[in-house]
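Consider the two complexes below, in which chain A is the common component and chain B and chain C are the respective partners.
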Partner chain A sequence: MSLKSLDPRVGRLHISEQEDNDKTQKGALDQFETYEAFVQVKEGKSLDHVGSVHAPNEEMAFLFAKEQYTRRGMYCNTLCIVKTENIMMSEFSDNKISVYDSVTVNPTGIITEEFEIFHMFKRGKHHRFIGTVNALNFEDAMANSKVFYPSEKPVYNVWVVNAKHMLTSDDDDRDIWDTLKEKQYREAIDYKGQDIIKAYKEKIAPD
Partner chain B sequence: MYGGGNVFESMKATALADEDPIKLAEFEARIDRGEKIEPKDWMPQLYRKQLIRMIEQHAHSEIIGALPEGTWITRAPGFKRKMALMAKVQDEVGHGQLLYSAAETLGKSREQMLDDLVSGKSKYSNIFNYPAFTWADSCFISWLVDAGAIVNQVANSKGSYGPYCRALERICAEEAFHLKYGHHCVIHLATGTKIQQEMMQEAVTRWWPPMMHFFGPSDKISVHSEILMKWKVKMASNDECRQQFLDMYVPKIWELGLKLPDDSLRKNTETGQWEFTEPDWEEFKRVINGDGPCNEERLAVRRIAEERGRWVRKALLAPDAKYVAPLA
Partner chain C sequence: MNTEAIKDLLYKIADDQLILGHRNSEWTGFGPLLEEDIAFSSMAQDKVGQSWQFYKILNELGESEPDTLAFMRNAEQFHNCQLTELPNGEYDFSLIRHFLFDTAELIRFNMLSESSYEPIALLSKKIKGEVKYHTMHANIWIKQLGSATEESISRLQKSLDYAMPYALGIFEASKFEATLKQDGVFEGEVVLKTTWLAQVAGILEQTELTMPSIDQVQPLVGGRYGNHTDHLQPLLDEMSEVFQVDPSADW
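The block that comes next holds the complex of A and B.
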């Protein structure tokens, strides 16, 4: 006997009540590896970490992140994707102590690759893109970042990403976000009901 | 969308005695300073366990909550309502994704959480075990169940765990549309034709008892809940959330000429508190334990989605991929 439902879509699934339950145990990685996504909403705004997605590869991660993090609002300028395992995370500090305080500046001076630097300025807030440094490796990039991007505010955590691991949306493809403005029905501002309530109250008010 | 009435694990007397007292003191000092806890920080086992449970229940509620509303997408009146409801349901599933990621940072994989949902081991908001009979039910959910969820989520967004706060900040911003959209739908029916008004009234009558259940039973002040409050895991009592909801929304329901099926419901002008008839808490327990009108269907739909989508995941799986939990 199949499951009875008010939902016609569920009815069409013909779910058997005795369907085998054992098969649902998920294997490791059944939901794929993780990627971190970064969004710049408008030109001139900062590029901020927005969250993660699970995806089987970079292209899919980009698509998922576009749906997950840039489907709402009016604009999006840039979307970046980095595989989580390619992010080097520093220690965390707290209580107005900067994590850079414990970084020794002893740059090797050997420049081989570009690294992208992200700072967390407040615990609980997102990481923000700060800039690029040339360096030999992650540790060297941290040291260079301390010199090149000194911060008055304490930095509680730093992410370092080798630039070659960042997948960034192409400027020519920006029109994928052009339709956002047409989707006003996704915005609270599109729903005005006070006039209807007022008219209704006037109608039912005793004369 | 998510309500209170979290099922917290009971605490063993030794739960805190086993923790390193110096690390525990540092952890508590950080919370007292108003600083958030981040995934790699040391945290007591109890804190980690309760947060996983709470965020996981919240995530499950988002994806299960999409089912009763999703039922009405194809039958929503008119193109605009269909587009809006589809966008709302997409938001809810997106919220599930954000929350699963936040819970993963605490060490439980998404696979395990989805397994525990399907096996019935972990719970979701009880209200979604009730069916949406008519379009008006869907309108009630969009407006008032979401309104209740926002009360809860705004409170939780001031909690102490960084990833959960970040997810909730995003979720609360998106929920603003749900609330206005839902209100608009209800206004339309409640001020419409006699048949529309009756349909809306029936939905309100049907959904009021589960709505009163939504925030959970009165919480006893126990040592356990005191610790969770101190650690900013639990931010407001079930009663506080329910009172806030009644205060904000009962007047808005009444002004539309809708009646709530509780003759004792009124605001005591002296205490400032709402008085109401206690809903049937036996029914609440019964439904949460599996015996509600839709429990079986909700889990069956999830299970089928997992089973019948397996070949897609398998086809996409990279053999040398390795799992890394989200960072933040």
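The block that comes next holds the complex of A and C.
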């Protein structure tokens, strides 16, 4: 069966079926590596994990995440990027048991690096930025975090990121989100077609 | 203040944004990777949105409604520079055009933020952050592909050499340069071009790309006063196709 596109842009490409069949097979796993994006909507609000993007490097991940995750909504204050492989992840826990319960060591008190701590409070929900600890390594960061950021709600998973691996948007660049609240046309809810559809339905099938 | 001069300025900005916005939107669904497809499409949408806001100011100065201005004119009534109407070609050309055009546009909006004509100054202040992201996007891509592989470098260089005469057409002098400057509305295309050349060279220096010798490049002008390539009319026909079916349709 031969398909013809009604999209004039496709027509202009003059793709022949032959060409389509001849296309060389793409290699497996040829995608770019992933980066995780974190967004703080407004000053004083939490910094939350929003999703991931594929990119060849950190800077491009920032570019992509900006439009991927902050192209809608009312505001954006900060966007952070971390390469997925640079996120150290704790075990998962469940059933009101905090993952910190299995952390039994005490902080070493040796401070060599800064680590950013993210908590997940509900399975399937996004991680949320909790704070920074000074520690020796991942295990020590977990131990410090247990002491400094005790949580009433059980924490089911923790992400630990060495602060040097986090790319954060410049305060001077906040103006790239200046017009966000005017982009309501990007929300499906902005299109109030229900009245038109109702009127049309009544016209074609009056009861 | 000279209204005809202000309208002349508004028309070229609005038409540039609309035509390039439409061209860039042709990449929707065809981008080199999903994330870039979304980013490029969003920026295209920004540009169309910006054109609408400039058409609104024109409307307040007695010109037709934005939709009428966008969809009911023929090629020879458009004031966009020819660079914006050229077909997309391959992604290398689209990226180079995006880089050359948006660098100029950000400088223009920064200059116009100081304009004595308040509606232009306010709008420029409002949207320059949007265009700042567009230039971040362009610069990072150019730096990336401009120093990546032999293929990416030679493709970008070829597109850069091809686009440069058209890019210089961005700065085609207005009939009202002196008036606009005198009234404090806009400092003028010459100042804009000088800043632009320095910024473009500054980015290219960080890549393997070579800045064409500008003295040897003959600018392709005419677009500002209705002299266009054969590519514009088909673009307008396609862009206004739905509108022409029923101009009174409510969206």
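Definition applied: the second predicted complex is superposed on the first by the 175 of 207 C-alpha atoms of A that agree within 3 Å, B and C clash if a C-alpha of one lies under 4 Å from a C-alpha of the other, contacts with A are read in each partner's own complex, and residues count from 1 in each chain.
Throughout what follows, a contact is a pair of C-beta atoms (placed from the backbone, for glycine too) under 8 Å apart; a residue touches a chain by one contact, two chains touch by 3 or more.
Note that the coordinates shown come from a computational prediction; the quantities given were computed from them, not determined experimentally.
K.L.:
After the superposition on A, what does A:K66 contact: first (chain B), second (chain C), both or neither?
P.N.:
second
K.L.:
Is A:A205 touching anything from chain B or chain C once the two structures are fitted on A? First, second, both or neither.
P.N.:
Neither: A:A205 stays clear of chain B and chain C.
K.L.:
Check the residue A:M89 against both partner chains and state whether it touches chain B (first), chain C (second), both, or neither.
P.N.:
first
K.L.:
With the two structures laid over each other on chain A, which partner does A:V53 touch: chain B (first), chain C (second), both, or neither?
P.N.:
In the superposed model, A:V53 contacts both chain B and chain C.
K.L.:
Looking at the overlay, does A:R123 come into contact with chain B only (first), chain C only (second), both, or neither?
P.N.:
first
K.L.:
Going by the contact rule set out at the top, does A:D175 touch chain B (first), chain C (second), both, or neither?
P.N.:
second
K.L.:
Of chain B and chain C, which one touches more residues of chain A?
P.N.:
B
K.L.:
Mind working out whether A:D30 is in touch with chain B, chain C, both or neither, as first, second, both or neither?
P.N.:
Once the two structures are laid over each other on A, A:D30 reaches chain B alone.
K.L.:
Which positions of chain A sit in both the chain B and the chain C interface?
P.N.:
8-9, 32, 53-54, 56-57, 60, 67-68, 71, 183, 186, 196
K.L.:
Across the complex, what residues on chain A touch chain C?
P.N.:
These residues of chain A touch chain C: 8-9, 32, 53-57, 59-60, 63-64, 66-68, 71, 173-179, 182-183, 186, 196.
K.L.:
Which part of chain A faces chain B closely enough to touch in the complex?
P.N.:
3, 5-10, 13, 15, 17, 19, 21, 23-34, 36, 49-54, 56-57, 60, 67-68, 71-72, 83-85, 87, 89, 92, 94-95, 123-127, 157, 159, 183, 185-193, 196-197, 199-201, 204
K.L.:
Given the complex with chain A, which residues does chain B contribute to the contact?
P.N.:
Going through chain B, the ones touching chain A are 30, 33, 35-38, 40-41, 67, 70-71, 74, 80, 83-84, 87, 90-91, 94, 97-98, 101, 104, 109-112, 114-115, 118-119, 131-133, 162, 165-167, 170, 174, 176-177, 179-181, 183-184, 187-188, 190-191, 255-257, 296-297, 300-301, 303-304, 306-307, 310, 313, 316-318, 321-328.
K.L.:
Note which residues of chain C are touching chain A in the complex, please.
P.N.:
Counting only chain C, the residues touching chain A are 26, 30, 33-36, 38-39, 42-43, 45-46, 49, 126-130, 132-133, 136-137, 140-141, 144, 238, 250.
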